[in-house]
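What follows is a structure written as C-alpha cells; I'll ask about it next.
For clarity, chains are labelled A, B, C, D and E in written order, and residue numbers in each chain start from 1.
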Amino acid sequence: MSTFVLLTITGLGLAALYFLVASGLSLIYGLMDVLNFAHGAFLTLGGYAAWLVTDATGSFTLGLVCAVIGCAALAALMETALLRRLYGSHVPQVLLTVGLLLAVTALVRQVFGSDARQLATPAWMNEVTEILGAPIPNNRFLLIVVAVVVYLAMSAFLARTRYGLIIRAGVENRPMVTALGIDVRRAFTLVFAIGGGLAALAGALTGAINNVVAPDQGTSLLIFAFIVVIIGGLGSFKGSAVAAVLVGLLQQYANFYGLVGAGDLIVVLLLAAVLLIRPQGLLGRASA
Amino acid sequence: MNLSTLQARVLPAAEPRASWATPALLVLAAALPYLNVQIPVLFDGAFSSPGVLHLMSLMCVMAAVAITYDLLFGFTGLLSFGHGLYVAAGMYTTAVALAGQGFAAAIGWTLAVGLVLPLALGAICLRVSGIAFAMATLAFAQAGAIFVVRDPFRVTGGELGLALAYERLPEWLVGVVNAPYRYWMALGLLALTAAAVRWALASRPGRVWRAIRDNEGRVAVLGLRPYAFKLMAFTLSSFLATLAGMVYALVAGGAHAEVTDSTFTLGLLVMVVLGGSGRPYGALIGGLVYTYLSHRLGELSTVIGEPLLVLGTLFVVLVLFLPGGLASLTRKKGKA
Amino acid sequence: MTMLAVRELHVHLGESHVLQGVSFEIREGGVTALLGRNGVGKTTTLRGLLGLAPRRGSIVLDGAEISALPTHEVVRRGVGYVPENREVFAGLTVQENLRLAERPGGRHHYDLVYELFPRLKERRAQRAGTMSGGEQQMLALARALLNDNRVLLVDEPSQGLAPHLVADVADALARVAELVTIVLVEQNLSLVRRLARDAVVLDQGRAVWAGDAGELLGDPGRTRDYLGVGVAR
Amino acid sequence: AGGGDSVKVGVLTSTSGLVAGYGKQFTEGFKAGLAYATKGTNKAGGKTLEVTYHDDASDPAKATAAATDLIGKGYKVLTGTVSSGVAMQVAPLAAQNKILYINGAAATDAITGINDYTFRSGRQTWQDVRTAESFVGGVRGKKVMVFAQDYAFGQANVAAVQAVLGKAGGATVTPVLVPLKTTDFTPFARQIVDAKPDLLFVAWAGETAANMWQTLAQQKVFEATRVVTGLADRATFGTFGPAADKINFLSHYFAEATSNEAAKALAKELGSTPDIFHSDGFTAAQMVVRAVEQGGDDVSRMITGLEGWAFTQPKGEATVRAEDHALLQPMFQAKLSGGVPQLVGTLTPDQVTPPVTPTK
Amino acid sequence: MRILREVSLQVRRGEIVAVLGPNGAGKTTLFNLLTGLRRPTEGAILLEGRDVTRAPVWQRARKGLARSFQITSLFPSLTVMENVRLAAQAHRGGSLALWRRVTRHDPALDEAGRALDLVGIADRADDLAADLSHGGKRKLEVALAIVGRPVVLLLDEPTAGMSAEDVPEVTEVIRKVRDTLGTTIVLVEHRMDVAVGLADRMAVMHHGTLLACDTPERVMADAEVQSAYLGEAL
C-alpha cells in the first residue's frame, strides 16, 4: 500500500514536471501553431540562469525568479528580432527555432563546459514527508503546487482575456486580424514571452529535481514535451495536463510493476496508440 | 492549420532541368583522387590524400541522405522527424549481416530491409498527416533508438556501435590506402540517388507529390489517392536512405548509434534548408556544405570548440536572410 | 465634403504592377461603387487603402494622411472591412469571431447585427469554418457592422448569397449608408444601381471614370466599354 | 616509411560534445606525460615526436574520419578517446592499416584483446567490479544487486558483476537496469529496498546521478544495504550529496591515492590537482614514448616493445599483459568525507587481474 | 446536428439540375456527401446504378464524379497549366507509373490546353495559380472539374464572384460540356438567370429538405419556393 501511495504521488510529481515542461510548448503551439524547438533552448537557459543566480546569491528562490524573468525577456526579444519576420510561413519558423536550439545548446556548452553544474536548493526541498508510510520527497509537492498554479493561471489568461482569441485568429489569418484594428504583434510577443518564462520555470525546477543543470537537459526534455503535447491534443492546454498525468503515472507504475525499465517504451507506445486511434490527441480539436 | 499548404508559399515549384554541367561536374568529381592538388585552408591535404577523400566520401553520403529527405520534405510536404531510422537500418543491417553471412548477403538483406521497413512503418505513420505525422515518425525513430542503444538481443552493440567485420569485406574496401574506392562508391551513391530522385520528380507521381504538398484534399477529389502517393514517396525516399546507410557503414567502417538520435534527423533538416528545400541541387549542396563544416570547423578554429554553435547560427541567419537556401544564390530568381 | 482622397496609388504584387497610379475621391456619406472587370484591381485597391497590400501614394482620410500607418491604426480610425473571400476565422466560433471584431472604446451593435442576421445568433457556438458559404458571408458583414465606422470597405458582399438575402443585405447597407460612408465593390449591377450614389471605374490599373452612378449605369455605351456588359434586368 | 628522424603521433579525443570535459583531462594528462617520459626533450629513441591533437566530438563518424586522415598522412601512432563508442570503431582501423593504437580512457572490456595493434592506457570495467567485490570479501550465497543505466556502459557493468560476483564468486546477481532518460528513480529505489540485497553495486554516468543518489537516500536504501560505486571525476563529487559518506567507493584514480614520482610529475606539470582521466592521458604518453623508443617507426617492433612492459604510472606499478594487451594496474578503495576523497585501501594489480582474452 | 433529412434526388444521364436554396440549406453538404468528403448517417448514394455510399473520395472520382468547390481549392504553387494537367492525368490513369516521365508531348497536356481555352484563361497558363485574381481562380476551378470529361459533374456556385461579363461565357461552357460530352451536371447557383437558363430541372432545398424538384417554370411558380427562397426579387 505504501508503495502504491509512493508511486502515485511521485508519479504526480513527475506529471507536474512534464506538464511544466510541456506547458510553454503547448501554449505556443496551441495558439501560434509554431512547433517551437527553441523551447528546448529556454529549458536549458532557464536552468543555467537559475544556477548562476543561486550560486552568486545563495537563494534558489531568487534564482528561480530571475530565470523566469530573464528568459521571458529573452523570448520576447527573440520574437521581435527574429521570429516576427517569418509570420505566415510556418516551416521557416520551425527551422529558425531548430537553429536556435542547436546554437544555444552549443553556446551553453562552450561557455559553461559540458559537465553538469550543481544547483543548490533549500534543504527542505530534499527532505521527505511521510504519507501513509511512504517517504515523499518534498520537492515533488512543490512541483505539484507550481503545476496547478500555472495551469489555473494560464487557463484564466486564455479564457478571460482577448489574447487567446487574438492569437488563435492571428495564426489563421494574420492580415485579417490587423484589418479588425488589432495590433497582433504585441499579442504574439506577449505569448512568446510567457512561453519562454514557463520554459525557464520548468528548466530551473528540473535542475532542482536533478540537483544539477546540464547543457543538453533541454534537448532531452523537449522530446518528452512534444510527446505530452501530442498525446494531449494539438492546441489543448487542458489536454497537455491530462496527458502529463497519464504519462507520469503510467511511467512510474510501469517502472515498478512492469518489466524492468518499461517506462520509456510505454510512453512511445502510448504516443503511437493515440496517433493511430485518435490522431488529434486526447482532447485535441478534430482539425483546425 | 495545414503544414503542407503553408510550405507551398515559400517553396517555388521546381523544374528539374538537365544540362551539360552535371555530367561535367561528375567527371571532375570522379577524377579527384588523381589530383595531387591541395586547396590550402579548405582542405587539410591534397585531394588524393586518404583523409580528404574520406571526408569527401562522408560528404557525398550525407548529401545523398539529404536528397532523399528533401524528396519527402521539400517536394511532397511530409515533415518527418524519423528519417535517420532508415539510414540506421541500412548501417546496422549491413554490419550485422556482414558479420554473420558475408558481403553479398549484407547487400541483399539491406535491400530487403530498405523496402519492407518503410513500407510497413510508412503504412502506419501516413494514416495521419501534418504534425501528427512528424510525431509518429519521431515515435518510431525513438523506438528504434531505444532498441539500438538498449540492445536487448545483443546485436547492435548498443551505444558502442558495431565495427564492420572487415575480414569479410572485399579487399578494395578495406584500409586507408583504398580510400579512393570508397570515395567512388560514395560518389556513385550520390549520383544514383540524385538521378533516381530527379527522375521520380519528373515522373507522373512526381507531379502528384507536389500537388499533395499544395492541397492534399483536392488531389483526392481529382480521383487520386493521396495515401498511395505519399506511401510511394515515403518508401522510395526511405529505401534510398537505407542504401545510403549501407554505404555510410562501409565508408565509416561500422554502424554507430548517433544516427538513431533525433538530432541526426534535425541535421538533415538543416542540410536541406541550408541548401534550399524543394529546389534542384538544394539538398545536395546543403548536405555537402553541412557535412564539410561539421567536420572541419572544429579543426579550423581553436576559438570555437563547438561546431554546432557556428552551424546553428549560420542556419538561423540563412532562414532569415536567404530563405531559398544556398541554391537560390546560384540561380536567378525566375518565375515558376 | 471629401471623406477619402486617394492620389497616385501604386501597388506591386509579385512582379506585376497592379495599380499604376489610381486616384479618386469619395464623398462623405452614401455609397460609392468601385467597378471594373475581373482582375483590374478592385480588391487590391481596398487592400492598399488598408495597408494590407504594400502601397505607394497618398491616402487622405478625414483630412489626415494615413498611407504610412500600419493596418490596425488605419482601422482604428474607423475603417471597417468586409473582405472578398469572407476570411472569417474558421477555427473560431461565430461568437468568438464577433468578439474579436469588437473595437475597444466604441459601441458594439450586436442588436443591429442579430436583427439583420438572426442566423448568426442561432449559431453563436458553431465554428465559423463549418458554416455554409452564405452564412460565412453574413458573419463577415456582421464583423464590420458591429462597430461605429467612418468608412466601410465592402468587397462583393452579395457573392454566394441567396436572392432574398441579397435583398436583405442591400437593405442593411442602405441603412448603414445613412450613417457611414461606404465603398462598395460589387459585380451585381442591380445591387449597385439600387445602392450607389457615386461610382468609380477602374481599368488597366487606373481610375478611368468617376461620377454619378446612375449616369454610368444609365448609359449602355459606357457600361459596355467599362464593364463589358450590356446592362441586364 | 623511410627512416626520418621524427614520428607523428595523433591524439584523438573529445574537445567538444558530451564528454569534452574528460577529453580535456586526457589531453592535459597526455602533455604532462610526454614531458615526463621524454624528460622535456620531446624525443624518444632519438626521434622527435610530432604530436597533433584532434577532436572526435565523441562521434564515431568524426573519429574514423580523423583517424583515416591521420593514417593517410603517414601517422603510425594514434592514441586517445574517452568514449568507448569511438574506441570500438578506431581499434579496427588500427588493425586494418597496421598502425599502433593506444586507447585512452574508454572502459569497455571489449577493447582488451580486440586485435594485435590495440593497447589500453586506462582501466577496464572488469577491474572496477573486482574492486567492488573487495568491499564485502566473500559473496558466496549472498544477494547482490546491480543498479545501472540500460545502455552499453551499464550493461557492461552488469555483465562484469555477473561474471565476477555471480559466476566466479557464487552470489545471486539481480540487475536493475534503468532506461537512460528516466527522471524519477523512486520506483527503482523501492525495488531495491524491497529486495534487501547484501550488496548494491551502482554504475552510473551522466547528469541524472545527483538525482539518483538523492532518491536512494530518501527511500532509505543506505539503511537497507551496503552500497558500492565508482568514484569518477572530481566535478561529480558533489553529486553524491549527503549520502556521500555512506557510499563505498571503488576508484580508478584520485590524486590523494598515490604519491609516486609519476604522480608528482603529473601534478607539477598540471599545476593543479590531477583528476581521474589525467592519469590515463599521462599513461598513454608514457606508452607512446616507450613504443617509439623500442620500435622507431616500425609498428611491429613498437608492439613487441610494449608487450610485457612494466612501468610506473601515476597510479603505481602497471604491466602491459602480452597476451591481450590488458593493462594490469592497481585499483583503490576510497571514501568521501567533506567532498575530499580518502584512501581506504589499495588493491594490487594481481588482485584485480581480468581474465585473458587472447587477441584474434 | 442533423443537416440533411431524407433528401432523395434522381438525376438522369445528360441532365442539368440546378440546386437552389437559401444559405445554409445544405446544398454544399449534399455535394460533400456525393463526393464522399462526408459520410451520410443513413441512406444510399448510387452512381450509374452502383452503390458508392461507402467508397472513398478518390474512388468515386475515378468512377467519373468531378466537382468544383464553392470556396476556391487549387494547387497554388503549381502553374495554371500544371493544375489542369494534373486533373487530366488523374482521370487518364497511370499516375502511379514512376517510370513514366512527364513529357512535353502528353495527351493530358492537350486536354488541359483545351479545357483552359474553354474557360478562357489559356493566356494565363504559365502563371502560378496563386497569382490569379478571384475570377480567374473560379474559372480554373471549373477547368479542373471538366477536364476529366466526367460522367457526373458537380459545380458549387461556379459563377460566384465572376463579373457580369464572364457569367454568360461560363454558362455557355457548362452547356457545351453537357452537349458535347453528355455529362450529367448538378450545380448550385444563386444567380437565378443562370439557373433558369441552364437547368432542365431545378431542385430547391430548404432547411435540409428537398422542397421541390421540377422544371424551372414550375418551380419558379411554386408558392412555397417563392417564400422560402426568392423573397422579394431585386
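A few notes on this one:
We adopt the following convention: a residue touches a chain if its C-beta (ideal position, glycine included) is under 8 Å from a C-beta of that chain, and two chains touch if they have at least 3 such contacts.
Source: prediction; values computed, not measured.
Steps from chain B to chain E, taking the shortest chain of touch contacts, total 1.
Looking at the partners of chain A and chain D together, the chains they share are B. With respect to chain A, maximal separation of chain centres occurs for E (centres as means of Cα atoms). Chain centre most remote from that of chain B: C (centre = mean of CA atoms).
Should one ask which of A-B and A-C has more C-beta pairs in contact, the pair is A-B. Each chain gets a centre from the mean of its Cα atoms; for chain C and chain D, those two points are 77 Å apart.
Computed from the mean C-alpha positions, the centre of chain B lies at a distance of 36 Å from the centre of chain D. For this pair, chain C with chain E, the centres built from the Cα atoms lie 28 Å apart.
Between the CA-based centres of chain A and chain E the separation comes to 48 Å, rounded to the whole angstrom.
Annotation for chain A: residues touching 2 or more other chains are 109, 172, 264-265, 288. Taken residue by residue, chain C touches two or more other chains at no position, since every residue touches fewer.
Taken residue by residue, chain E touches two or more other chains at no position, since every residue touches fewer.
The part of chain A that touches chain D in the complex is made up of residues 3, 6-7, 10-11, 13-14, 17, 109, 113-116, 118, 126, 128, 135, 137, 206, 209-212, 214, 216-217, 220, 224, 251-253, 255-256, 260-261, 263-265.
Of all residues in chain D, only 16-21, 150, 175-184, 186-188, 190-191, 194, 206-211, 214-215, 218-220, 233, 235-236, 238-239, 241 touch chain A in the complex they form.
Considering their complex, residues 162, 165-166, 168-169, 172-173, 175-184, 285, 288 of chain A touch chain C.
Within the complex formed with chain B, the chain E residues making contact are 35, 37, 56-62, 66-67, 69, 73-79, 82, 85-87, 89-91, 94-102, 126-128, 130, 144, 148.
Here chain E touches chain C in the complex through residues 20-29, 70-72, 131-136, 157, 160-166, 190, 192-193, 229-234, going by the rule given at the top.
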